[in-house]
Amino acid sequence: MGMGKRILACMAAVLVLLPVHAMAVPAPADVELGDVANDDGSALAVSWNWNGTPAESDLFSFEVRINEQLLDHFALTERQQKTLTDARSWLVGQIADVLTQRDAAKAEMDAAQSALDQAILDKEPDGTINQKRHEYWQKYRVHKRLDHQVNRLHNAFSARTYAGEDLRLKALTWEFLNEALRSGKEWISVADPAPMASVGTRGDRSDLFGVNSASRADAGMLFYTFDTISVPNPGTADSSDEATGLEQFRAIPVRLVPDIEYQVRMSTFGTVPANPMFPEAEAGGPQLADVVQIGTAAPIGNAFDKSKLNNLIFALLFGGIILTFIILARRNPNMFIRRIAGLEAVDEAIGRATEMGKPVMYLCGLQSLSELSTLAAINILGRVAGKIADYESDLIVPNRDPVVQTVAQEVVKEGYATAGRPDAYREDNIFFLTDDQFSFTAATCGIMMRDKPAAIFLMGYYYAESLLLAETGADTGAIQIAGTDAEHQLPFFIVTCDYTLIGEELYAASAYLSREPMLLGSLKGQDIAKAFMMAIILLQAILFIFSAQWDVLRDLVTPL
Amino acid sequence: MIPAGEVLGTWIAVGLTLMMFSFIYKDNPAFKFGEHLYLGISVGYYVNIQYWSTIYPLVFQAMKQQHNYWVLIPTILGIFILLRIIPSMSWLSRMAFALYIGGFAGYSLPLIVHSLLLPQLSQTLQPYSGGPGPVINQIIILVAVFSTLIYFFFSLEHRRTVGMISRLGIVFIMVSFGASFGYTVMARISLLIGRFQYIIESGHIMFPWTRS
Amino acid sequence: MDFVTLILNLDRKIIFACVAVLVAWPLIWPLSMPVGTTPEVRSIFSAVDALPNGSDIMIAADYDPSSKPELQPFLYSMLAHCFEKDHKVHILTLWPGGPALVQQAVEEVSKQYGKTNGTDWCFLGYKPGNAAVVGGLTNSITGTYPTDFYNRPTANMPIYQRVQSVKDCDYIVDIAAGATVEVWIAFASAPENVPMSAACTAVSAAGYYPYYQAGQLDGISGGMKGSAEYDVLLMDKYPNVQGGAPRVAGNAVKGMDAQSAVHLFIVLSIILANICYFIANKRQREERRTA
Amino acid sequence: MIFLKRQLPIIIAFVAGIMMWIRYYIPSEVSTNLVDGYLEWVRIIVGFAAILGILSLLQHHMLKIRMKRPGFAFSYVTIAAFIMMTAAGFLPFAFPGFAEKNMETGSLFNWLYEYTFIPMQATMFSVLAFFIASAAFRAFRARSMEATLLLVAAIIMMVGRVPIGDLISNATPAFMIGQNEYHLIDFEEWTGWLLNVPNAAAKRGILLGVYLSQIAISIRIIFGIERTYMGGGD
């Protein structure tokens, strides 16, 4: 025991040392952006924030305030000022446009609705009412889409928003930026982790604002973005009107190293002749025009990453369900599992084999006993053995693993005993062939050709040899029943066997027969989670019938 | 001029290839010899790879060059794992496996939810857009995912409506297995083509005088 | 013996001989059928091509010789494409059987393009533990691979002065013979928002379509056909690849004739054998009825 | 001792699992370093675990020789090949006739890899192409609705994804609908739809189930319900 205690102490030390070790290694952390404070304590452009959802009027005062602060605080060149002002007015114009459109759409929608109401009141023919209803839904959708667009645009305004306390960065995508460039507007834009020369030529990704780790040596040349985002390739992107309205903006989480000071910059795009700062940039095309340093900021780590809330809820809920059902299954192992059609096919096959007076062959797969699929095969073997004992036929079980062979012998013996025919059990029929994959296959195929079993069961995990086994079995004219979770082999089994237990069905059959609390509880727990997913899909379908745009469900399950 | 080692090697390689091909005639000693030779070579190869790419750089070099002695703890745990082949000491390996498998279960759990489960679910709920064709496809996807889930749902008997939906599910599953099947056939044939290409190209190395 | 029984009891050796002839014939006397490209592969190509010159690409070559004919040509084309675009290539493997294959490919192609090891590319080698390696790379590449395949410290390499982790890479390409595509999606691409594509064996290609459909993969290249398509796309856009890198342009495209021939043979034999099977069944039933 | 053998591993798995799980939600430097350090350790442990698999295989062949099980003579081949390959990699000098030592290009190890490992491993699975062709004649039967659907989809895939499919499609009559030209048979279109719509959706349904069972297994491991990793014995 002295030795044991010492080892115990070592083990305990390991557990303690792991976190200590972790703390000892200085490495850049990967953290959600917390509160951003400025070096001089002033409210700079980075700390634009407000609480709650702002009213639309806030939108404009908010935007103006930012830029005024910016202009006040930094000695911007005239050009930079102009760029910023232009960009701002462009954005403001965009929003104003969309707002006008949306209000018009709202008016149209309301008109359509009252027309519909009137039609119903006037008891007009069904055809007319239906047409009015259709018109109303169309207007409703247009309005809804524009409403979304307003929200998205509004989010694009801010580098970060507080939605409650949840912090997110909104970024602009390629299409939007390109449109801006094409329309000749100068545009507040996009930082890029690549060297300056390539900024702006990058095809498929762009962020609104960038930060640069101030601690990096060549901070001037490296412009490090908050994050990079992937946008659908312009060549393949969905260019329908709804997509351009809604999918232009994408929320991405900000990942910064806490307690490290970052330079925060704003870069502007424009058609410039030549820029002394970036001589590599070619004249004429849309190029990076200016980079404005607007301050420094150091993020503070949060205690909990709120963007991962839906993840936590799902993991906790599902974990809890699984554990609960395992406990319940321990108390009551007779939980309901539906009939597994494959198991009935098993009984039928054995019956037919007996009629023909030929043996039955059973394989437990090629993996070791520790694998779930092998265990499932063993459980089903127990059932098969019981049935065979009833019918008085022979059961041949060639094995690849001596351990599996021993367990198979026990299971079959028990099956025969339970059926009241212990005398019919023959140990020699459950034998070890060879551990070698292809030699095992060749030998098993040999037995199939020689003994011509009437039924062949291929349960458990198989590799490439599945095809050889199933082909030979089909050639002998046997009834074949397979069950495997080897996804690549399943198609081969389906076309060569009379019945196939597909993937999870094998586990379910095993749980059904063995009533093992762990298997049963997990199966039921997973069923609950599946029911949850199916409910969401069903709900989405119902919502689709009633209104085409409904993102709530999707937002609920979208990882942030 | 082709080096002698290459000529000899190519002869051996082609010989071994034919030896493995002899299995299509039947299981024979030549194939068994080849299979066992392969097993020995591969085991020797893997031992080398594991040593030179893991233990040598991460343990020995880390201690010698970076003076990082923390690596001793996982090394001891690793040695515990090797003790599994000695039955009386095999229980020690449980500590290492517990740390590795237990920790990893915790590490991967939220990431599976974040990176696989939720995106796949949320993509099924995509907004419907892009004209009649894509919308119909969207609806088919929704129906197919739903009915496949029903097929693998074990808490309801497959009767009446549920039975019909699960029949629909099996239709989609079969089409997808068909796609896999077609692709699997393609893969096996590609491998055969690769071997034939090798044999055909080796001709000039095996018989150097045939090179023009 | 009539035709139906003949087909159903055809000697295996005849079928084997047919397959051997159908594979060998087009390899020796090529038919040079044009290889068409699919959107899945085109989008990998355009994604890599659209990146500005000098981007950082992480290539994971997770396969071993058993899928060499399917995936090795893709690695050659991908490397050629990256070097053609002056991309920086970070290449590694999660499969123990892979390093020597990657070494062959990367040394050969980089030599043809005159690229420097440690500056333009780095072969990090093999480390066991799939997800433990990929997870580590999201924190630090040089921490996970203190030395490269040639046992030189990575921390001093010029290529790693700019790039710290997978997050700093612009693109991930997984050339996979097994389930590592899911590992790369789950532990690197999705949590760190790095776009990625996969080239996999044909066996697993169909299984990755949910990820392609969901936008988690930009593109999928399945098996030798995918590699051939990439070859074709590459040679169309960069004709000098053909002359400069003989092993790049290649083997996959040449194999497509044989592939077509054998596929046609198998399809026809499935159809023929099934028709015979049903005729034989019908006859049997009739015999039983008359008896 | 029972505590050490049975409870302690479960406690370790629980503590490590919970720690790694919770840290995901906590964005702090400690949490990042924790996972970084843990992964570093795991990479070393996994290296040893890989060697364990190799050793147990060798042990198995030794046992086969000692017990003189059928075919034990071939196990000598395995052991000899293993010793040769291992020595080639570990020799501290270049093998006579070879330019380099260890695993460098031009070493004995590399030569063995190139001319024995690659051809044998690559051939192993290519043999199956022959058996697929023979199974096409003998076993692939449309014996049920399921198998019929599967075979039809497979045939479309097999023809449609190789160049001959394009040739066939282009040979069929074309007609115009609106601005677009359609072929009567268009394999590229068909296979693309097959893969992207029904295939992707059904695979997604299956995958969702697979993720759930992965999560369930993780939960079972963390809470000490699943203990297969502990191996046999008490």
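Order of writing sets the chain letters: A, B, C and D. Residues in each chain are counted from 1.
Keep in mind that, in the parts below, contacts are C-beta pairs under 8 Å (C-beta built on N, C-alpha and C of every residue); 3 or more make two chains touch, one makes a residue touch a chain.
Worth saying up front: this structure is predicted, and the values here are computed from it rather than measured.
> Looking across all chain pairs, point out the one with the most C-beta pairs in contact.
The chain pair sharing the largest number of C-beta contacts is B-D.
> So, comparing C-alpha centroids, which chain is the farthest one from chain B?
Ranked by distance of C-alpha centres from chain B, the top chain is A.
> Whole-Å distance, chain A centre to chain D centre, using C-alpha means?
About 22 Å separates the centre of chain A from that of chain D.
> I'd like to verify one number: the distance from the centre of chain A to the centre of chain C, where each centre is the average of its C-alpha atoms, in whole angstrom.
Between these chains, centre-to-centre, one finds 24 Å.
> State, to the nearest whole Å, the distance from the C-alpha centre of chain C to the C-alpha centre of chain D.
15
> So, what's the distance in Å between the C-alpha centres of chain C and chain B?
13
> Which chain C residues reach two or more other chains?
In chain C, residues 16, 19, 23, 39, 66, 68-69, 96-97, 99, 127-128, 132, 135, 139-140, 143, 190, 203, 206-207, 210, 213-215, 222, 225, 259, 262-263, 266 touch at least two other chains, as defined above.
> Can you list every residue of chain D that touches 2 or more other chains, as numbers and ranges?
4, 8, 12, 15-16, 19, 21, 24-25, 32, 35-43, 46-47, 49-50, 71, 103, 113-114, 117-119, 121-122, 124-125, 128-132, 134, 138, 140-141, 146-147, 150-151, 154-155, 158, 161-162, 195-196, 199-201, 203-204, 206-209, 212, 215, 217, 219, 231
> List, in ascending order, every residue of chain A touching at least 2 other chains.
Residues 7, 11, 14, 21, 24, 27-28, 30, 308, 311-312, 315, 436, 439, 487-488, 491-492, 494-495, 503-504, 530, 533, 559 of chain A each touch two or more of the other chains.
> Think of each chain as a node with edges to the chains it touches; is that a line, ring, star, complete or other?
Graph shape, chains as nodes and touching pairs as edges: complete.
> Residue numbers of chain A touching chain B in their complex, please.
7, 11, 14, 17, 21, 24, 238, 240, 242-243, 246, 308, 310-312, 314-315, 336-339, 341, 436, 438-439, 442-443, 487-488, 490-492, 494-495, 502-505, 508, 523-524, 527, 530-531, 533-534, 536-538, 540-541, 544, 548-549, 551, 553-554, 557-559
> Name, in rising order, each residue of chain D that touches chain A in their complex.
Residue list for chain D touching chain A: 1, 3-4, 8, 12, 15-16, 19, 21, 24-38, 41, 60, 70-71, 125, 128, 131-132, 134-135, 138-141, 143-144, 146-147, 150-151, 154, 206, 208-210, 212-213, 215-217, 219-220, 223, 225-226, 228, 231.
> For chain C, which residues count as touching chain B in their complex?
That would be residues 16, 19, 23-24, 27-28, 66-70, 96-97, 99, 125-128, 131-132, 135, 146-147, 149, 151, 153, 182, 185-187, 189-191, 201-203, 205-207, 210, 213-216, 222-225, 251, 254-255, 258-259, 262-263, 266 of chain C.
> For chain A, which residues count as touching chain D in their complex?
Within the complex, chain A contacts chain D at residues 1, 4, 7-8, 11, 14-15, 18-19, 21-32, 34, 258-259, 301-305, 308, 311-312, 315, 318-319, 322-323, 326, 370, 434-436, 439, 464, 467-468, 470-471, 474-475, 487, 491-492, 494-496, 498, 503-504, 507, 518, 522, 525-526, 529-530, 533.
> Could you pull out which chain C residues touch chain A in their complex?
39, 43, 46-47, 50-55, 138-140, 143, 162, 164, 167-168, 170, 190, 193-195, 203-204, 207, 215, 218
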